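Per-chain numbering from 1; labels A, B, C and D assigned in written order.
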Amino acid sequence: MELTQQQLVQWRREFHRFPETGWAEFWTTSRIADYLEQMGFEILLGNQIINRDFVRGRQQAVVEKGLANAVAYGAKQKWLEKMDGYTGCVAVLDSGKPGKTLALRFDIDCVNVMETKAPEHIPNKEDFASLNDGFMHACGHDGHITIGLGTALWLSQNKDKLSGKVKIVFQPAEEGVRGAAAIAASGVIDDADYFSASHIGFCADSGTVISNPKNFLSTTKIDIRYQGKPAHAGAAPHLGRNALLAAAHAVTQLHGISRHGEGMTRINVGVLKAGEGRNVIPSKAEIQLEVRGENKAVNQYMVDQVMRIANGIAVSFDVEYETEIMGEAVDMINDTELVGLVEEIVLAHPKVHSANANYAFNASEDATVLGRRVQEQGGKAIYFVLGADRTAGHHEAEFDFDEDQLMNGVNIYTALVQRLLG
Amino acid sequence: MELTQQQLVQWRREFHRFPETGWAEFWTTSRIADYLEQMGFEILLGNQIINRDFVRGRQQAVVEKGLANAVAYGAKQKWLEKMDGYTGCVAVLDSGKPGKTLALRFDIDCVNVMETKAPEHIPNKEDFASLNDGFMHACGHDGHITIGLGTALWLSQNKDKLSGKVKIVFQPAEEGVRGAAAIAASGVIDDADYFSASHIGFCADSGTVISNPKNFLSTTKIDIRYQGKPAHAGAAPHLGRNALLAAAHAVTQLHGISRHGEGMTRINVGVLKAGEGRNVIPSKAEIQLEVRGENKAVNQYMVDQVMRIANGIAVSFDVEYETEIMGEAVDMINDTELVGLVEEIVLAHPKVHSANANYAFNASEDATVLGRRVQEQGGKAIYFVLGADRTAGHHEAEFDFDEDQLMNGVNIYTALVQRLLG
Amino acid sequence: MELTQQQLVQWRREFHRFPETGWAEFWTTSRIADYLEQMGFEILLGNQIINRDFVRGRQQAVVEKGLANAVAYGAKQKWLEKMDGYTGCVAVLDSGKPGKTLALRFDIDCVNVMETKAPEHIPNKEDFASLNDGFMHACGHDGHITIGLGTALWLSQNKDKLSGKVKIVFQPAEEGVRGAAAIAASGVIDDADYFSASHIGFCADSGTVISNPKNFLSTTKIDIRYQGKPAHAGAAPHLGRNALLAAAHAVTQLHGISRHGEGMTRINVGVLKAGEGRNVIPSKAEIQLEVRGENKAVNQYMVDQVMRIANGIAVSFDVEYETEIMGEAVDMINDTELVGLVEEIVLAHPKVHSANANYAFNASEDATVLGRRVQEQGGKAIYFVLGADRTAGHHEAEFDFDEDQLMNGVNIYTALVQRLLG
Amino acid sequence: MELTQQQLVQWRREFHRFPETGWAEFWTTSRIADYLEQMGFEILLGNQIINRDFVRGRQQAVVEKGLANAVAYGAKQKWLEKMDGYTGCVAVLDSGKPGKTLALRFDIDCVNVMETKAPEHIPNKEDFASLNDGFMHACGHDGHITIGLGTALWLSQNKDKLSGKVKIVFQPAEEGVRGAAAIAASGVIDDADYFSASHIGFCADSGTVISNPKNFLSTTKIDIRYQGKPAHAGAAPHLGRNALLAAAHAVTQLHGISRHGEGMTRINVGVLKAGEGRNVIPSKAEIQLEVRGENKAVNQYMVDQVMRIANGIAVSFDVEYETEIMGEAVDMINDTELVGLVEEIVLAHPKVHSANANYAFNASEDATVLGRRVQEQGGKAIYFVLGADRTAGHHEAEFDFDEDQLMNGVNIYTALVQRLLG
């Protein structure tokens, strides 16, 4: 393997062709591991990088179907065994010389979008469109994997110029901000002095980099499930325990959670499904919601209120309940040392003509969970946006991005490594 | 004293002139005790007849004001001391001969109604209208006291013709069905083999008796109070714990309590007061409600749901709460032996021309609490309606009743005594 | 064709083998029409018997799939054309002699139940189990069709002994009480002097008849749909119009509809589905509910409240809405003349040993819509229950009934005809 | 009259001694008019300065009681007649020379606080404490009146040095942000090129001025009243129209109004009173609420939602309703020209040592309604805070302020006049 634009495009298109949804990236992980093994990395998988107590939004049926598809598509048994049902991997490069530790993170999952059949869509024209029906790399994570592999390849070829260690995290289930918490909680990057992650495209065009996006929203995704008891709605309604009515009251209470004096909040019950039939007291209900906060503390306030209401409703309606955290991201403030470093690198780069430090991200990203973990251990973290022209918005069926920017991404990461560990 | 129509009218008008509200019948009790003492009865008061743990809906401010008024109006200190703050009395007549025990119950409180000033209103014309502003015997309990005293007088004069015992209960606080529970729980009539109570007027005209009213509704009156924490609604709403919002949600849950497959139910939140000011997170809320049920079990189902909801809301909104039972009545089914007896008595009476056994009462009366207590101990109970023409509906400012029916009432009670203890 | 037990069993099993759900009984109607045509009846179909404005709970997708299945199973084109998408038929026999008109009604739809595969289940053992996967005649309507055809056969063979007219209604979509209203509103039985309908089994065993079931519950089945506007729950929640939140508040208001002082009521929101995704302001919501009342007026009170709330919520949340009546049944009181007649017939029947006049039906049946229509036009109506032993409860996968009772049913109907039109 | 510190203190104490609440400042207005008349001003009153359609939060009972007290305390009949029930006045000084128009505003109402009896409280020690029981100038508006009169006195003595016009607005009912809207809507200051208002004390100490307070919150105070129909909760609940239940549901909907993507919002239902008795379907309910928004548009969004919900609830519960705007204030941004001017004046003043331009006001003030009116007509506006040491917080019973700062206030206003009209 050689670090060429051709190699990057080949990787990107290979992964684009078989997109896998969060916690089902079995083939994807397997294929990344193949390449990393060829490059000579130590590869951590399964329990080595995943703390199962912090796994969010992983549905058994999705995992099982994904695993079957991955096996059919050629995922290697030896990797699957090590994964033990949990996707993602971490490549470790130890220079053997004392020095700092740098963690890099690339997310690998796709979104549940059916790729367009339009003939002018480049993946169709050049024959690398999704073979996994209903799934598509419509958020550019195929590009992220590629930049991660490109960076890994450079590292494997330049190990002797470095001191310290590099850990390259290929993270599952970023969509729905579900995967980072389990990796953070595994402790696998707790020794990192530096952390960097990035997103391709977003609102930045080819040739620009946003070095210091602000206003990451803290968010938590929660499901509440109520279990009551059915009864005949005509003959014996008093014998029922009404999960639908409980859920409806829960929704009215949840939307009434007080504003917070110290920052913006959000609450949305996005989905509610309840009941079995018109003439039966409903015994089951499910609520899917999310809260957000201007910062971690304000978001936590919202989570606390949700949990209290979920419980109070169960008491009022004599139903059983469970809550499940399906995803979470926090806010993060880039460390100025790293912002300065990225700006220097970027402005020195012939193909990047501007760096913007003041963009309001106004969205959630679970790389922040990893970044803050490193910061809490005393390290420094940065998240930047790598500009790339797009053919459509992220998550749209017509999404595609400018592949020429992949090498810029690799260059920034390798320059960062040289500056920090060189 | 002689048992004449004139005596009965005199008593009735004396009590009509100074009506006292529930748990504040200090002068009324004192005056009844005066008469009973003259007749030679043993008189039980205060702790002898009231179990304070079961006192319902007694407000300290009302009691204190009532006591002051009663003293000013001439209530005797010796009775007040024995009452020790708790009104009502029981007269005991022991024949000295072995026999059955018969308990009779007469209620003594008034309603919070301002008596009409209309000159054609007989209490105005004949100068016995209420002197206690804002209070009125507009439900006929002045008549009940009178029938009780008349019966007592006959008993004191005919003691030697009887065997066994008679206990005459002058019960406080029937309005709001608050007083009977405390007397029942005192055990003072637990030895009764028979129990009888009645109401004057209601829907029966002069000359008729309803011997077997049906469909007494079980009911419970409950207050719920929430205590939260105030906070500035603009600057720091998240620091408040909102008792008003809690109460509003409680109301929506309470009204949604499921119908019962085995009988009619009712729920009414009749009063809600909450909040201190427009720009403060409300810290206090009070709900006054009642539930009803076709029978005691169905009513209890409603009470259980109310208690569960009161608690669940407190959990949801992180507020403190208390519930207080302010009144209660149960359903009761008259014993057929006593119904038959009353019908015989009534039909033999020259001034009563019909007895109706099939009237649906469709209301609540806390004599049922005493009647069922006797039934649960193996005794028999009856509640009947003594017809009397009225000038207006019960609880209306123009209410008055046909005083000629008072003697009929005494006659029925004394005939009952003769038949049961003669 | 001969009116024998063998013929009845053959019919019952033929219809059992191809059950069709409400408003999809295309093959069933076609096959009934075949037999009626052979017997020489005038056959009314489609617009002749269905007023489309009163069709309840007919889903286009179900109709289309049912039609395709029916065609594949051999439904005749000439009947399908006359049906014009609306199932059911009415057979008319005009004696040519002046006289009364008698309407009989038999319902023909199945339930959405998967028939058991248990080998001891007679339809499996004797090879007439459902071929229409997921559907089953588990409520005995195959028996009803059979009794209707048997009665029709007898009529065709005894026409000369009768005066007046007979109209035999084969009604679609009884399950969910959806089909009768459209037939009633077509006016097809408005000339009937007498009306009779019945159910097999229910709670009566072989050899018994319930001549006068009481307590039919009036009921209305209603769907409410809210349409709002989606928006990003993080960035611009104020731009959304929240259909889920509207629906949740609707549920809390609906369950709080006041009890009625004049009779039992019920409300059940049995199903609620709302929302598209966790981070989108939900734009769609659907509520499926039913109300019931002790009589038609009390049920109508409930319907009126539901409609008012559906509207008020739309105003509060600025969402569009529609309501759809998905089914309805009323209460009905049997005419004593017909009750007496059925009891006479039944008690004279060698195979029926008892008639019970006092059974509380406590359920809904849309034959009442037809019966009351006849009563409102001055005619008389009866609904009775024809006892039959069952192997399991109605609507259960193991349900089967005693085929020997089919001839009893035919005998009762033909005796009725003879008594009324003979 | 001479413009001396002694005169200012005399005025301040005279007004302190007879505080009047919002819309009841009859004596206060009368007394101000007396002084203005002596100084030779044209005085506008009643309809000349008040548009009654925009009067907020004026309660008839309060007005009548206030009027009676004012008359008793010596308010002059001639002024009362011109007021015609509506307090406040505007003094107009026309220099007779062409020039700009400058409007100044001073608020005159007190708060509903009982003044402390503590002997160390200066108004007690020096005998000028409130004679109007339950009311107190505890927010410093007595000082505002004084500064207004001092400025007027200076103007009357220096008229010949000026060109253009000055309008001095003595505004009623600032507490609850109720009075400014009616004055703005009267158009009385629509010709103003400049507008200035101020507050004494607040968070600024003696010797400082806050020249450019920021973050005025827009707010609207709204009452909602529901009128239903009472009914017996046991016998005929279905005949009632439940205003309490309507109000409770209104509260749950109101607190669920969506957050706004473009700025902070607040909602508080601060008071809820409903219902007449425990066993009566409640027929009356009143909600007192306030909304706030980061700016006028966001606040208006909240008001629109409140109005929609108030209406939707009325539809759902078949009750009548009315909404009343009880107060309102907007945000305002000071014009930089005037901020600069005030800073210059202040820094040149020997007794003021600092000006602070960056204080976050974070509260509401209805001078903003007048200031924005002027800005919308093309004029410029400023609101500043005149520092003054206080003995307790505003609205507290122990509140008093440093009277030495009164002359500073007059100096700033007269300097402004000279700079703008000199």
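Here, a contact is a pair of C-beta atoms (placed from the backbone, for glycine too) under 8 Å apart; a residue touches a chain by one contact, two chains touch by 3 or more.
To keep track of the chains, here are their UniProt names: A, B, C, D = AbgB protein.
Since this is a predicted model, take the numbers as computed values, not measurements.
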{"item": "Between C-D and A-D, the pair joined by more C-beta contacts", "value": "C-D"}
{"item": "Far-end chain from chain B, centres as C-alpha averages", "value": "A"}
{"item": "Distance between chain centroids, defined by C-alpha means - chain C, chain D (Å)", "value": "68"}
{"item": "Inter-chain centre distance, chain A versus chain D - centres from mean C-alpha coordinates, in Å", "value": "53"}
{"item": "Multi-partner residues of chain C (each touching 2 or more other chains)", "value": "235, 237, 245, 249, 252-253, 255-256, 258-259, 266, 281"}
{"item": "Residue ranges of chain D in contact with chain B within the complex", "value": "217, 219, 221, 233-235, 237, 244-245, 247-249, 251-252, 255, 266, 268-282, 285, 288-290, 292, 326, 362-364"}
{"item": "Touching residues (chain side chain B, partner chain A) in the complex", "value": "232, 234-240, 242, 245, 249, 252-253, 256, 258-262, 281, 301, 308-309, 311-318"}
{"item": "Residues of chain A that touch chain D when the two form their complex", "value": "252-253, 255-256, 258-259, 264-267"}
